[in-house]
Every structure is written in structure tokens, then in C-alpha cells.
Amino acid sequence: MTVTVLLFASYADAVGRSEIEIDVEFGATVKDVIEHVRKLGDATRLPEAPMVAVNEQYASRDHELRAGDEVALIPPVAGG
Amino acid sequence: MTVTVLLFASYADAVGRSEIEIDVEFGATVKDVIEHVRKLGDATRLPEAPMVAVNEQYASRDHELRAGDEVALIPPVAGG
Amino acid sequence: MYSAIVERPIDSNSIIERVSRGSNGAVVLFLGTVREVNDGREVTGIEYTAYRSMAARVLSTIVEEAAALADSNDVAVEHRLGELEVGECSVAVAVAHPHRTRAFEAARYVIEELKQRVPIWKREHYVDGTREWVRPTSHDANDFVDAREGGGR
Amino acid sequence: MYSAIVERPIDSNSIIERVSRGSNGAVVLFLGTVREVNDGREVTGIEYTAYRSMAARVLSTIVEEAAALADSNDVAVEHRLGELEVGECSVAVAVAHPHRTRAFEAARYVIEELKQRVPIWKREHYVDGTREWVRPTSHDANDFVDAREGGGR
């Protein structure tokens, strides 16, 4: 199944892209997506356990994904 | 010796005046001035122990006065 | 540092400008405004009076204390006297600081101390034509004054 | 209640107006502004970016939480994105309430939660021409984010 991965700020710089479509196994979790993305970019700049949002809600590493989910890797936020 | 008594807000209403010159004994204290003023006005509206400032500084009841002091009886403050 | 007792409308922008500098990352502004209802009675306006020379002196002292607390000179306060209508601003406090925690603390300090120590009084005017001197309430943090006054309402 | 992510200058007066009503006696405004020096480096400006749809959603949730906390709907926040110069306002929070304690608490709540939960990032531009994504610092109360992120600087 396909999910959309969004990358922002330093994570977008590390991977060189801000949006990626990736194929994952049925039953894949947030953790699987993170591992996939870390292979695409400069893994030293992508932490093993970044904050992640699935469909705009913060989600845990073992959150199970569904086809079409929007998975955002969220660098440390710095608003304000 | 003479001191000037300043009255404000509800205390001025109680006494009907906002400034009084009074004669007190040498060595008189804030307490003596309060007792003096309570006899001039509606004593039920002038508490026995109001806040007092002498020369613009908050002072205790046993603060000893000097000639020419400005003694202000301060109703509960309500600024802001 | 800036403190003033004024008899004209308060311009909150000018208070903010007094504390704004490029070295500050946070500004906290507090505005006190005249409420239309107080203790269940409908208010048409408020008249503020003061022991003016002492009020100016105490206000200035409080600003110095807040500046010391925040380790910043960017503290400003203005209190208005005279007749105010509902919604009008009676007091404005602004504090700017490199970091927000200090700005919040110092702004809070100024308004709490002002309400406890500055000799200013207000008389509310009610819809029925009566007027009454307002005693401090314990809605917020005025218990201190009630205790010092030895009475309470 | 009002929350918005904007790409134009923030007008603090309009934020105050959104919360001002005759029933409120206190307004607290917080402004975050771009500092000229951060961690000892001279800054010429800041570029704010966001996961915009989520940022708007989280900001709106935080405002609802603050309104519940204060028991008042008079809570407003605006966060700006894009390129900002030193001294410009990046965020404004305003809370009005009949009583000041609640207004202070709710304003503080909004800015603290915003800094911890809203997906917004900033890249500082330095005098030497370099630019760098800013990691949250622990100057104020961002320890929570560092902890959640499992790393820290």
C-alpha cells in the first residue's frame, strides 16, 4: 500500500525532498516508514525516533498505517 | 505642633473634608492623629486602624510624628 | 523604565513601544478595563482618584522592583485618573524581555503590587444613578490589602 | 475564539479587539518578536515555515483548551509565517477575562502549548550570511519538547 510522507525544515534538507510517496507492507507502522526514509537521506540528520504525525495527529512509533495515510516527520518544533 | 492630615475617597466623604491642619502634642503618633480625626467625622466610617502614610511612605500606628508632617489616611486601595 | 499617572486615554501601543527593543523576544501587555458589571451591579462608568504624588512615587518604586526582578529595564506602566466609561482602559503594564517567563512574571508583579500598594481609589457609577467607592475584592489577589487594613468586607 | 496562521504583519490591536468586551476587566497580550541576538549569534532575520494545515488545527485546539481553562471564549492567537526582520512580531496571543488571574494563565497556556505542539519551524539568518534551523531551547519551558523528541541538543 502507498502512504505519503511529508518532511519539513531540517528533515526536508536531510532528505532533499519535502514529500515522498512510498510503498509499505500491509500492517506497516510509523516505525517502518521512519526506517524507510532514513535510508533515503542523510540518516545522521534524521533521528531514529522523530516526532511523527499521521493525518495531522501526533502518533506513536507503533501506530499502524492505512493506505493513503499522510505521515509527517516533525522536527523539533520552534514556533513562537 | 501642627501636622497636615490628608483624607481621600470614602474617608474624605466621612469627614467632609480632604485636608485638615491639626495641632498635636510633641511626640504624638499616627495613632493619636487617627483618634483625633475619628472625632471629627463619622467614626463608624473611619476604621480604628486605617492604613496611613506619613510624608508619602506607609507608616505604622506607633510612628512618631514631627512638626509639618503630612499624614494621609489611606482607604483600601482599589487601583488597576 | 517608565511610570506615569495620567488624565487622558491610555494608548497601549505607546506603552508597548516604550519597552520594545531588538534584544527582547517577548512582550507582555496587561490592560485593565472598566467592566460593565461588578458584583452583580450594572456599571455606567468609574471615577478614579488618587493621592497623586504618593501614587506616582509608589508606582515608580514598583516598576524599579519589577525591573530588578526581571533583570530588565524594559518595564512600563500608566494608570489613568478621572472619569472612565465602560470598556475604557484604566491601567496598562508592559514588560519586554529576551525570554517570556520573565516578562510574564514582571508584568504580573507590577499589576499585583499596584493593586495592593498604590493609593488610587475608584467610585463606580451605577445605572440607578448611585455611586459607591469600590472596596478591593478577593477575586484575584487582593487578600493582602484586606489583611493589612485589619477589616475586610 | 480565534486562531490563524498568517503571512502578513500581525496587528496587535486587532488581536486585542477580538477579545475585548465590556464584561471583561482584564486583557493580557503576549507578543513574540524576532531577537537580534540568539545564543550569542547576531541575527538579521528569521524565516518561519509550518506544516500549515496541521499547525492551524493544533493552534485551534490549543485555543479551545485555553478557553476551557479560563472559562471564557475571549482567546485569540495569530502566528506569522515567512521572512521576518528583527523586531517584527511572529506571534500574538490575547486573552480577556473578567479577572486578571485567568487572563494571565490562559495567555501563558497558549504560548507554552504553541511552542511545544504546533508544527512550526524557524530558520535564523545570520550576519555572516549563513542560515540555520533553530532547535528549541530550554530558556523558558521547552524541556518538554526535548524530552519527547528523545534527543535534546
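The first chain written gets the first letter, and so on, giving A, B, C and D; residue counts start at 1 in each chain.
Note that in this section contacts are C-beta pairs under 8 Å (C-beta built on N, C-alpha and C of every residue); 3 or more make two chains touch, one makes a residue touch a chain.
All of these numbers come straight from a predicted model, not from anything done at the bench.
*Asks:* Within the chain touch network, how many edges lie on the shortest path between chain B and chain D?
*Replies:* So the least number of steps between the two chains is 2.
*Asks:* Find the geometric centre of each of chain C and chain D from their Cα atoms only, then give the gap between the two centres in Å, rounded to an integer.
*Replies:* 25
*Asks:* Approximately how many whole Å separate the CA-defined centres of chain A and chain C?
*Replies:* The separation of the two C-alpha centroids amounts to 49 Å.
*Asks:* Nearest whole angstrom, what separates the Cα centre of chain A from the Cα centre of chain B?
*Replies:* 73
*Asks:* Counting only residues that touch at least two other chains, what does the list for chain A look like?
*Replies:* Residue numbers touching two or more other chains: none in chain A.
*Asks:* Can you pull out the residues of chain D that are in contact with at least two other chains?
*Replies:* Residues 32, 111.
*Asks:* Hey, which chains are touching each other here?
*Replies:* A-D, B-C, C-D
*Asks:* Of all residues in chain B, which touch chain C in the complex?
*Replies:* Touching chain C from chain B are residues 6, 8-10, 13, 47-51, 53, 56, 58, 72, 74-80.
*Asks:* Which residues of chain C touch chain D in their complex?
*Replies:* Going by the criterion above, the answer is residues 12-13, 16, 20-37, 86-87, 98-101, 103-104, 107-108, 111, 139-141.
*Asks:* Under the stated contact criterion, what part of chain D meets chain A in this complex?
*Replies:* Contact set of chain D toward chain A: 32, 48-51, 53-55, 57, 79, 90-91, 111, 114-123, 133-136, 145-146, 148-151.
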